[in-house]
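Here come two complexes built around subunit A, the first alongside subunit B, the second alongside subunit C.
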Partner chain A sequence: MRKIKITLSPSCSDELFQKICNGFKRQYPEELSFIRANDTQMIGGFIADVEGEIIDVSLNAQLARMKDHLKK
Partner chain B sequence: MPHNSEESIGSYLKKQILSFEVEPVSYSYGQVSKTGDGVVRVAGLSGRKYGELLEFEDGIFGMALDLEEDGVGAVLLDISDSVGVGDKVCGTDRVVEVPVGDALLGRVVDPIGRPLDGRPLSARKFLPVERPAPAITDRRPVDKPLQTGILAIDSMIPIGCGQRELIIGDRQTGKTTIAVDTILQQKNTDVYCIYCAIGQKVSSIIGIIESLKQNGAMDYTTVVAATASDSPAIQYLAPYAACAMAEGFMAEGRDVLVVYDDLSKHAVAYRTMSLLLHRPPGREAFPGDVFYLHSRLLERSACMSKEHGGGSITALPIIETMGGNISSFIPTNVISITDGQIFLEDDLFHSGIRPAVNTGLSVSRVGRAAQSPAMKKVSGSLRIELSQYREMAVFSRFGSDVDEATAKMLHRGECLTNLFKQGKGSPYSLFEEVVLLCAYKHGHLDAFEAQDISHVAENLLSFVHQNCTTAETRILSSGKLSEDDEKQLIESIRSFVEEACQDE
Partner chain C sequence: MEGFVLSQAATDLIINILNIILLFLIVRALVYKPVRKFLDQRAARVESIKSEAEKALQKAKDQEEKYQKLSEENTERCNQLLREADKTASKKAEEIIAEAKKQGDDYLKEQREKIAHEHEDMLTSMQDEIVDMAVGISEQILKREVSESDNEKIVREYFAAKNG
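This part shows the complex of A and B:
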């Protein structure tokens, strides 16, 4: 069973969390178990830790990328 | 980038933001499973490259050296107690790189390019510390001399641009002095210098930097320092970092001199790292690839062909021996890699012969191809004469009577030995070396006592500097000794000797 830890803003609803889990179920064929973690620093989006791989779709990361993009 | 109004800046920023594509950021990570003594085992993190920079929590960096199916063995580049079991480690997809370019001149940096002299360093270009050596067809033979300013070396063990000449000897025999004097000699030339200190005491490195500053050598020199208190990984990287910086200059068509001081400590640091990484120990507990450790470093020193920039890297690696044993493991390895060696003897040093060069065991495999025409003209038979003198000197110690010819040979040999004595930090120019050897070759120094030769040489040089300025300019600019210049020098030397003898 593959464990996936999803870190979200505390203000994200359970419904949104469930949608994210369903998205991963479509991507990975094997059985998945999900853990939710809250991060008060997160503005939006989520960070998924898929057993050794990080998928960062948080707004914090995107803003940092945009900052680098504007610097160039 | 617009410069005029707020509206145009605003519209520019809006355009940049609208063109920005939102993409997920994904990367793999591992977890520290074991840590200690600067070595870390990371579980997971597959797909990394050898020598890849790994980032730990708290901004600590390490280098991947052992790639296994289920993990990575890495060494920390900073001494840190903050890395613990369970910490996350990410790959960076880049190998260890160092800054290159003119921004490095006059600076003191560590092996990963961080400044140690208290000023920021901004470089535009970076090169990986590990790079392949130039191909055979990209090189040209060594034919341009590199003056060391040390008479014994320039006359009998000449070094050329692109050569690797090992300096080997016991502790406190003047190895670093020869290297530093060579750096000082490059003032007013186009040669850039890099001094790489590996495992040295901080006080020693500071002394060398001060010496370079006082002689104006820091303007064209970079110091790469990995002190004795730095981690074995940093000491291991130091010579490769120095070489990468030199390659940055060589790519611009420059001649570069790199001093590796010293590779014995480098081998010890590599042994420490390898043992901690549980690599199987071989002879003297060194890992099996300790030869490759130095061969891949020194092969990067080359003389490039005109089509590839025409630059060169001359390497002066230093090896410390124990008890004068040049047949031990690491010295024999490096002797077989380099294009010659300058062997410094403890006995010679303590008997007052400094630099303590054993001319019998020292050799330059490039030889006269790396000597200026002027030096070739005056230094022809020096090795043979010294060799004959050493043989005859053994008999003279028994107090036996010798014939006139032998007595003359002994006197000339003793004069030559004393002529080669040189003070620390006092390199000779090519002109000065030619004058001294010209005086010796034509027998003008035979009139003096052997123990007075150093004093005579000093006076001779100041006399000739005043009286042969045109010859000096010609010799320094062309490297040749024309017949007219030689006649002028001989006349001048003869005048000096006559005056000196009259004074006595």
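This part shows the complex of A and C:
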């Protein structure tokens, strides 16, 4: 069973968490187990830790990329 | 009697004449010749001294001319050395001035480059600060404004891209 840890803002609803889990279930054929983690610094989006593989779809990462791009 | 007196006078005359002649001869022998010799010797000494004096004078004149010539040559040599020294000093001064100017120009150029780099660094630093501030403000705004529907949109777009 593949374990996936989803980090979200505490303000995100359980429905949104479920939609994320459904999205990963469509992606991975094997059985999955999900863990939710809350991060108060998270602005929006989510970060998924798929057994070491980090998928960062957070607004924090987008802002960081934008900052790096502007500083170049 | 008259013959006797006349003969006496004649005799006296003759004797006087003989005395004079004898005196003359004696004086000539004893006085004139030595005195003459003395005078000749003195004249010769005087002549010799005069000759030596003239030689000495000529020698002195020759020496004077020689020293005068040497003095003129030395004066000319001194003037030449002074001119060469002046020329060398002028050249050295010009070299020093040129070197100082070059060092000054190099220093100015270095300082200008340094100022330009510092200005560029300062602008970059300010730019970075502005970016940090802008991103910070954006974070604050997004924290306040991002809604559930925005998060749903992010999730939807991610999985739509993943699934092709």
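Operating definition for what follows: the second predicted complex is superposed on the first by the 72 of 72 C-alpha atoms of A that agree within 3 Å, B and C clash if a C-alpha of one lies under 4 Å from a C-alpha of the other, contacts with A are read in each partner's own complex, and residues count from 1 in each chain.
Definition applied: a contact is a pair of C-beta atoms (placed from the backbone, for glycine too) under 8 Å apart; a residue touches a chain by one contact, two chains touch by 3 or more.
A quick note: this is a predicted structure, and the numbers were derived from the prediction, not measured.
Novice: Taking subunit A as the common reference, can subunit B and subunit C both be placed on it without clashing, or not? Answer clash or fit.
Specialist: Superposition result for subunit B and subunit C: fit.
Novice: Subunit A residues in contact: does subunit B have more, or subunit C?
Specialist: C
Novice: After superposition on the shared chain, which partner residues are touched by A:57: those of subunit B (first), subunit C (second), both, or neither?
Specialist: Both: A:57 reaches subunit B and subunit C.
Novice: From the CA centre of subunit A, what is the angle out to the CA centres of subunit B and subunit C, nearest 10°?
Specialist: 30
Novice: Does subunit B (first) or subunit C (second) touch A:66, or do both, or does neither?
Specialist: both
Novice: Going by the contact rule set out at the top, does A:46 touch subunit B (first), subunit C (second), both, or neither?
Specialist: Touch status of A:46: second partner only.
Novice: Mind working out whether A:35 is in touch with subunit B, subunit C, both or neither, as first, second, both or neither?
Specialist: Once the two structures are laid over each other on A, A:35 reaches no partner at all.
Novice: Which partner does A:13 reach: the first (subunit B), the second (subunit C), both, or neither?
Specialist: second
Novice: Subunit B and subunit C, closest CA-CA distance after overlay, in Å?
Specialist: 8 Å.
Novice: For subunit A, give the residues common to its interface with subunit B and its interface with subunit C.
Specialist: Looking at subunit A, the two contact sets intersect at 57, 66, 70.
Novice: Inside the complex, what are the residues of subunit B that reach subunit A?
Specialist: Of all residues in subunit B, those touching subunit A are 13, 16-17, 20, 22-30, 44-45.
Novice: Can you list the subunit C residues touching subunit A in their complex?
Specialist: Residues 127-128, 131-132, 134-135, 138-139, 142-143, 146, 148, 150-152, 154-156, 158-159, 162-163 of subunit C touch subunit A in their complex.
Novice: Applying the document's contact rule, which stretches of subunit A touch subunit B when the two form their complex?
Specialist: Residues 52-57, 61-62, 65-66, 69-70 of subunit A touch subunit B in their complex.
Novice: Which part of subunit A faces subunit C closely enough to touch in the complex?
Specialist: Touching subunit C from subunit A are residues 8-9, 11-13, 16, 19-20, 23, 26-27, 43-46, 57, 59-60, 63, 66-67, 70-71.
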